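You will see chain A twice below: alongside chain B first, and alongside chain C after that.
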Partner chain A sequence: MTPRGIQIISGPDFNMFLEAIMAVQTVIGPRERGDQPGYYLFSRLQRAEDFAPGYKTTTLPPKKILASPKEKLFSFTFDKPPRLRLHVDASPFVLLGVHPCDLAGIDALDHAYAHPPAEMRWSANRKRATIIGLDCQPDAYCFCSSVGTDAARIPCDLFLTPIDHGYLAEIHSDRGRQLLQKANTSNAGEEELAAAKRWRQQKVERIRAKFDAPLERIADILETGGLTPTWKETAKRCYSCGSCNTACPTCFCFDMIDELDPDLRGGTRYRTWDSCQLLDFAMVAGGHNFRGERWQRVRHRWQRKFLYLFRQFGRPYCTGCGRCSRACTVDINIVDVTNQLIAAAKMEG
Partner chain B sequence: MMPFARKPRVAFFDFACCEGCQLSILELDEKLFDLLAHVEVVAWREVMSEISEEYDIAFCEGSITRQQDIERIKTIRDKAEIVVSLGTCASISCHNALKNKWAMNELLALVYSEYGEHIDTIPARPIADVVNVDYQILGCPVSLPEFETVFKRILTRQAYTPSNQPVCVECKRNDILCVHEKGMVCLGPVTRCGCNAICTAFGDACRGCRGLIDDANLEAPVRALFGEKLHPIMAEVARNNRLTGKEIIARFSLYNNTGRVGKGEESSDGTA
Partner chain C sequence: MAAPDRQQAADISIISYMPERAKVISTHRESSATTIELVLEDGRPLHHSPGQFVQVSVFGYGEAPLSLCSSPTRSESFSICVQPKGNVSRAITALSSGDWVGIRGPYGQGFFPIDQMRRKNVLLVAGGIGIAPLRSLIHFICDKQKDYGRLQVVYGAKTPSTLLFQKETAQWVENPHLDFYLTVDQPDKTWQGRTGVVTEPLREMDLAPDNTIAAICGPPVMFRFVAMELLQKGLSGENIYFSLERRFKCGIGKCGHCQLNDLYVCRDGPVFRYSDLQTRKEAGEAWVPEKAQDAAKEEKR
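And then the complex of A and B:
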């Protein structure tokens, strides 16, 4: 996406920019975990120094800010008629340091949630957020270039690429332009533009994990079926623990729970994250489970990401972020398994 | 909303256990008063000396480990409208069932030598193996938020089933860094959640105190640890812990010695 303007901002100016935003709005971004150096999470930044621009990845994607793992929906009473009170939070915030894959993840959810019946809560939360993207360098799990998200910019307002002594800031919306007015910036020259280009080139060159076939072909393979031995072999190692889904920026399945007030006269309804890998996920009334076998659930994850939603929305529901592979403690790596499927499909002819 | 005709009378009873679940409930502090406002407590050894023989809701801690326990729990069942097995000892036998690896006479000789013959002991069993149980609460000790939820469900006559999701789900919901990343061995992927991942939240590994999820894949870690291709995380875990198959089984059998929740299975041989 072509930016509407490009500026540069020096490191010290950037910190002042952050402090200026923090004075009026909450800023949420990647910061190092207190309990384990070298690991990061999205969380509220109190000071400019909390921002960890060099972070590789976070356990959870920024989705956790826009669709919280346990989201308060409304409170209710048992009066006649019952009284309902919608829980809304309209306070604006800045979501800082979102990598292209995670921008693509937010965009994927924008499409899924806009699909009728539209999900109001997501769009309300999205309106609260000003998003500042940040370019990155891959680790061994990243495979964004295989799913076309390595240069994603939608839906950010500003996008930063690290250059010597600061950032190159692309403006992608009016909101972004307005926000950047808080900063000391200067026009980008040839040299800075070239530096940012080098950064992007290096990034793509450094990506090691790759799918062995284009997405269309993968969808066809999944549609044709078969491949049962690969699914079953993978399932032998799978715990069905759901970490792959719950760490994924595009998964949106949920459960509902009601918690009663201590006086038992009312309560609160929450929406919590769920996962199709869990045994009870596809259990229906009467006790029938239409994905009761572990391998069927493993298969479902791939079909969902690379077939059903791919056909429905014209994009894979995978951003190449690699979080599912990192989260899996038993080495079920999404790229390896996909490539095994591609190889198995060749064999099956 | 109060579907009981009168304030239900609540009693706490203990079988073989440390009484830690009863004790930890006291840590609900002021919330405890909110909950107790709906009931009349008639027996609770940790808190009061009076004991009444009339009650509607019986919270029973501990495992059945003696012949006389069987009679006692049957009496409780006859009197109470609602029986709750409170905690892992009551619900899946916990450490008590470690003794089930031995024949009882061998065990008695081992522990008490010639005095053993005077001691009444039988293989440890969860309460649900002896009488019908209406609610099960897991945990060693029980998790306070879950206890609160179950208490409110009982009072409003709603069912409660312990979660069948693994602890990993709650780690993710709370954005807790997986302890595998620190080279620890975690039983979370096969252990029922409901504790809100309290151990991993404080940097410790899950020890499996809430029992196995249905369909737990116990083959998976063994494959990951001893398979040809080691996952980097698992390699780290293996390096730090130098685990053998026997040690893995020992870890599993700290809590998981009898059948699974809700299945009312007979005591097994102790290897989960």
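And then the complex of A and C:
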């Protein structure tokens, strides 16, 4: 996406920019975990120095900020009639340092939640957020170039590419332009534009993990079927722990639960993340389980990401971030398995 | 920002997951299920069509999707029929009149293409609790009798004591506009009616295959056998409708629990043409369960 303007901001100026934002609103961004050095998470930044611009990935995607793992929907009382109160949080915040793959993840959820009937909760949280993207360099698990998200800019207000001594800042919305007015910036010269281009080129060149077929072909392969041996083989290793769903920036299945207040006069209904890999995901009250076999659940995950939602929204529900592969306790790698499926389909002819 | 959000919550095209309040006005307990009659707080009709469902909240327990078993032609109240099988459904069966619940919906595409059924013969096949959503349609058709052809209903239950809506079914037997076939799988000493599964009366029935629309609701294993019987009688797959059960959490095609291949059962159904289900692998897998599932069931027995 062509930016509406490009500015340069130096490292020290960027820190002052962050401090200026933090003075008026919450900034959420990637920071190193105090308890686990080398691991990063999206959380509130207290000081500009907390921002870890060189982070490779986070365990959980930034979707947790917009639809939290356990999200308050409304509260109720046990009066007759019960009193119900919708939970609304309208405080604005800045979501900083979102990689292109995770921007694509937020965009995927925008499509899913906004598809009629639209969901209020997601859109209300999205309106609160000003998003600042950040370009990255891949690790061995990244495969964004296979799903077309390596240069994603939707939806962000500003997008930063690291260059010597600072950032090249692309402006993508009026909100972004307004925010950037807090910063001391200069116009971009040929040299800086070339540096940012080099960064992007290097990034794509360094990506090692790749799908062996285009997305349309993968969808066809999944639709044709006949892949049961590969599903069963993968399922033999799978623990059905649901880590892949939890770590995924596009997974949006959920459950709803009630919790009681300590005084037992009322309680709260929450929405919680759910996982299609868990045994009881498709089980109904009578005990019938519509996806009782582990291989059916493994198959379901692939079909949903690369077939059903791909056909419904014209985009894969996979951003190439590699989090599911990193999180998997038995090293089931999404790229390897997809390539096995492609190979199996070739054998079938 | 709070003000526009509240406006959004009132807009039905934007979902907040907060239910409306509704009051229990009567309960009717039978040995295997309880029928609960409800009215929305403001007394307005629910405006549902037969086959749709509502999400019923018992605050503190949670929410469960339940088929409406009343007809919109009798709009002063609406009813659900519940078997106490899970936490929420147990709480619902324990309700008494005067209690309050939360209601979201009605959801789903509604039943059977009521318009297409006009002037046609309608055959309904219910197994067990599957009679609940079909009762809505039975009442609907009985109330608009002139618009429809012959109404035939086959209802099978496991034992005589698990038969639902017993007072009503006794009336259905007497109703000259309704051919009612009642059968139980495991009769007791007092049972004088028909025994066997629902496909047995179907086999004897005289159907006009080109002028009949069939609608079926029951346990997954029943679907395949009923479909086979009806196809054999010359009905086409487009004229056979199934009402499916899945785990609906949201009711609007978001939460993912009810996905059946590319379909969301809650949003695209829960009523589907047999011909549309035939092309969906996961539908077949539910009707012909893997050996492991069968074995697990055997063990339970």
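Following the convention adopted for this analysis, the second predicted complex is superposed on the first by the 349 of 349 C-alpha atoms of A that agree within 3 Å, B and C clash if a C-alpha of one lies under 4 Å from a C-alpha of the other, contacts with A are read in each partner's own complex, and residues count from 1 in each chain.
Here, a residue touches a chain if its C-beta (ideal position, glycine included) is under 8 Å from a C-beta of that chain, and two chains touch if they have at least 3 such contacts.
These numbers were taken from a predicted model, which means no experiment stands behind them.
A.B. asks: Should the pairing of chain B and chain C on chain A count as a clash or a fit in the superposition?
C.D. replies: fit
A.B. asks: With the two complexes superposed on chain A, say which partner A:197 touches: chain B (first), chain C (second), both, or neither.
C.D. replies: In the superposition, A:197 touches no partner, neither chain B nor chain C.
A.B. asks: Looking only at contacts as defined up top, I'd like to know whether chain B or chain C touches more of chain A.
C.D. replies: Touching more residues of chain A than the other partner does is C.
A.B. asks: Just chain B (first), just chain C (second), both, or neither: which does A:242 touch?
C.D. replies: first
A.B. asks: When the two structures are overlaid on chain A, which partner does A:254 contact: first (chain B), second (chain C), both, or neither?
C.D. replies: second
A.B. asks: One more residue to check, A:210. First (chain B), second (chain C), both or neither?
C.D. replies: neither
A.B. asks: Could you say whether A:272 touches chain B, chain C, both of them, or neither, answering first, second, both or neither?
C.D. replies: first
A.B. asks: For A:78, is the partner it touches chain B (first), chain C (second), both, or none of the two (neither)?
C.D. replies: both
A.B. asks: Touching A:303 in the superposition: chain B (first), chain C (second), both, neither?
C.D. replies: A:303: touches chain C, not chain B.
A.B. asks: Between chain B and chain C, whom does A:44 touch in the aligned arrangement: first, second, both, or neither?
C.D. replies: Neither partner.
A.B. asks: Going by the contact rule set out at the top, does A:121 touch chain B (first), chain C (second), both, or neither?
C.D. replies: Once the two structures are laid over each other on A, A:121 reaches chain C alone.
A.B. asks: Once both structures are aligned on chain A, how many angstrom separate the closest C-alpha atoms of chain B and chain C?
C.D. replies: 5 Å.
A.B. asks: Do any residues of chain A touch both chain B and chain C, and if so, which are they?
C.D. replies: 78, 260
A.B. asks: Going by the contact rule set out above, which residues of chain C touch chain A in the complex?
C.D. replies: Spelled out, the residues of chain C in touch with chain A are 1-2, 5-6, 8-9, 12-19, 21, 23, 41, 57, 59-64, 83, 85-86, 89, 98-100, 102, 219-220, 245-247, 249-250, 252-262, 281-282, 285-286, 289-290, 292-293, 296.
A.B. asks: Chain A touches which residues of chain B in the complex?
C.D. replies: 1-2, 31, 34-35, 38, 149, 152, 155-156, 164-166, 168-169, 171-175, 177-178, 180-182, 186, 188-190, 203, 213-217, 219-221, 223-224, 227, 229-231, 233-234
A.B. asks: Which residues of chain A touch chain B once you look at their complex with the stated criterion?
C.D. replies: 33, 35-36, 39, 41, 43, 59-60, 64, 69-70, 78, 236-243, 246-247, 259-260, 262-265, 272-273, 275, 278-280, 294, 327-331
A.B. asks: Inside the complex, what are the residues of chain A that reach chain C?
C.D. replies: Touching chain C: residues 73-74, 76-78, 80-82, 84, 86, 88, 90, 112-113, 115-121, 123-124, 127-128, 225, 252-258, 260, 266-267, 269, 271, 274, 276, 281-293, 296, 300, 303-304, 307-308, 311-312 of chain A.
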